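Both of the next two complexes hold subunit A, though its partner changes from subunit B to subunit C.
So, the complex of A and B:
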């Protein structure tokens, strides 16, 4: 049995930040990441981040992953990093089971920070299992992490930030984006992203959805149609778009299986992307010693995920008796940053969602 | 509307446009950020205090155009790539528009590109006069284009392909190129009809459907005319080409 003080599940923006603040407080940390590298989604984010300096605004996501790892390297005497390691279960006695390189490992941590992130939502339409139909995040990974071009002509479904950003990056990679469609009557992502793509001549069609995917062995054509105010298809508005790739970018849901397993109190909050755990002001769930941070706690931007990670790491360490020197200041700073990131019109939805899960 | 299409309205744009007087004085930042989002690097990166202090990180940027020097620091720090530098003092007829451009290949300095508007439609031919790609820009190069002054608040992107190059066909039926058209205009031909008679443009299978508009646009631009004041071509039957046999096969009395 492996022992550690704080196990952090997930090495993305939230998990890395939690590891930094827990280790900086003095705790022994094991960071467990299923991929062969740390950074999570940051690794494929070649665009500049929004937010303020404290969340590395204007820095590209991929570089933020490096910055966080450099910060973590300062505490390498008390940080263990496990990559290619997937946490496959959490049990009632607090034991984690991990699969790493085909080995089954048991671990007993004193505190756990779950920062597993999110998975992509999908759509139901005829032939949605056809090759050429991807999640937008998957295409972003293919392109930006592995350098693989997904195809030549893309239809992007979803005009949220991910749909808009991935469309832009597809164009950067020399792929043609035929159109971005969204069932909602308004563009969900930041309008500066939308304008940036629109001025490249890519149409953004709101109130449109996918009706049918066509193709022999793989995607060749997509029939889209217009929707009325009640999201019902308007007959006669069908049009065909020739595309060999369709990216589905219709939102994310928290990846909360581990939290369900161990019995955290969960509730369904559409504003946060699905089922999320109840938590207190320290990011601790209904179960003592189990903390959360990032998209698993509710879908938001990576900037908030990093701050939540800082907060969860700080509080988990304090729970073990490792109180950072300026703990109160650091904690307050995290809360202030979160408040400020969520204070505007785009944060309203998040705040509404959080009001349903915060004790 | 911006929220449905990504295209800002005239009112949106009017709200962020510096005065004509200020624009003619020299370079100035135009920040086309119309939505309250949690983001402030434009404000924190400005060394001249030209962007009003953000009380809240969701505030929209407000530029003090008198303090703005048009240095372009905010352009490369804006994660939304929504900031442009406009300089209408560049020359008598031309303005400089600086555009953040995160694509490869970069155009060559001195080359011509096709300037696009906010909808991605071609506006005019533009010359690339400078490319800034210093380390501090962190892989967001800034391309400086010269465009006719009246397009300074319209041109917001470009296509590296020079649609309006001299080799481009204006009339595909009769193979009149843009270069030949420009030569004709320089020689003094001033109407679509004149150009049609000298070059046969518009007399091929499509009967001018493609080139009529293009020739008028180029004429209007080259001679500073408004298209609505320009004479149209003469329209005579047949509107499409037909075979002589079809004419011969008519009724006996026709």
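So, the complex of A and C:
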């Protein structure tokens, strides 16, 4: 049995940040990541972040992953990093099981921070299972991490920030984006992204959805149609778009399997992307010693995931008796950063969601 | 199709790697996953659904969705979107659900 003080599940922005603040407080930390590198989805984020300096605004996501790893390296005497290691279970007695290089490892931590992130949602339409139809994040990974074009002509479904940003990145990679469509009557993403897209000549069609995907072995053509104010298709408004790639960017849902397994109290909160755990102001779930941070706690941006990670790491360490010297200031600073990130119209929705799960 | 020019990113291609897919020789680069190498070579269909035999490609590319499972070096149900490509790998379209050895 492997022992550690704080096990952190997931090495993305939330998990890395939790590891930094927990280790800075003095705790021994084991960071467990299923991929072969840390940074999670920051690795494919070639755009500059918003927010404030504290959340690395104006820095590209891919560089933020390196910055966080440098911060963590300062505490390497008490931080263990496990990559290619998948947590496959967390049990009632607090034992965590891990698969790494075909070995089954059991670990007994005193505190656990679950920062497993999210997965991309899917959309229902005929032939939605056809190759050529990918999550927008998948296409971003393919392009920005592996340097491979997804195809030649793309239809982007979803005009939220991810849809807009990935469309821009597709154009940067030399791929044509035929159109961006969204079922909502308004563009969900930031105006600054949408304007950039429009300047490139890509139409953004709101109140539109996918009616049908065509192709033999992979996507060749998409029929889209207009929706009325009740989101019902308007007959006669169908149009065909020649596309060999369709990107689905209709939101994310929290990857909360481990929290379900161990028995955290969960509730369905549409504003946060699906089933999320109840938590207190310290990011601790209904189960003592099990903390959460990032998208698994509710879908937001990487900026807030990093701050939640800091907070969870800080509080988990304090729970073990490792109280950071300026604990109260640090904690307040995290809360203030989260408040400021959650101001504005998108933040309103998040806050409404959080009010349903925060004790 | 590989990205040749990019305004922000520079892709350092690793060593060329040869592997086989359904008996034919393919090439990828060190750093590729199996799925990225296949996609770059124009292969989008990675498998077929069990009941209706519908073609399947990857969907999430980060190991969540299980849409990219293939048989690799005789082992079934390998998530090819995250499994790194290695020289001499034998990649096959999987028939059926795979058998535990």
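In this section, the second predicted complex is superposed on the first by the 359 of 359 C-alpha atoms of A that agree within 3 Å, B and C clash if a C-alpha of one lies under 4 Å from a C-alpha of the other, contacts with A are read in each partner's own complex, and residues count from 1 in each chain.
Going forward, contacts are C-beta pairs under 8 Å (C-beta built on N, C-alpha and C of every residue); 3 or more make two chains touch, one makes a residue touch a chain.
The model shown is predicted, which means the values in this text are computed figures rather than measured ones.
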- Pick one for A:58: touches subunit B only (first), subunit C only (second), both, or neither. first
- Query: Does subunit B (first) or subunit C (second) touch A:134, or do both, or does neither?
  - Reply: second
- First, second, both or neither for A:200, with subunit B first and subunit C second: first
- Message: Contact-wise, after the overlay, does A:340 reach subunit B, subunit C, both or neither (first, second, both, neither)?
- Response: first
- Task: May I ask you to decide whether A:150 touches subunit B, subunit C, both, or neither, giving the answer as first, second, both or neither?
- Result: second
- After superposition on the shared chain, which partner residues are touched by A:119: those of subunit B (first), subunit C (second), both, or neither? second
- Between subunit B (first) and subunit C (second), which, if any, makes contact with A:172: first, second, both or neither? both
- Once the two structures are fitted together, what part of subunit A is touched by subunit B and by subunit C alike? 60, 172
- Task: Sort out for me which residues of subunit C touch subunit A in the complex.
- Result: 1-9, 11, 13, 31-33, 36, 39-40, 44-46, 49, 54-65, 81-82, 84
- Message: For the complex, give me every residue of subunit B touching subunit A.
- Response: 2-8, 32-41, 44-45, 56-58, 77-82, 102-104, 116-121, 138-140, 156-157
- Name, in rising order, each residue of subunit A that touches subunit B in their complex. 47-53, 57-60, 171-172, 185-187, 190-204, 206-207, 303, 340-347
- Message: Can you tell me which positions in subunit A touch subunit C when the two form their complex?
- Response: 34-36, 41, 46, 60, 119-120, 122, 129-135, 137-139, 141-144, 146-151, 172-174, 217-218, 255
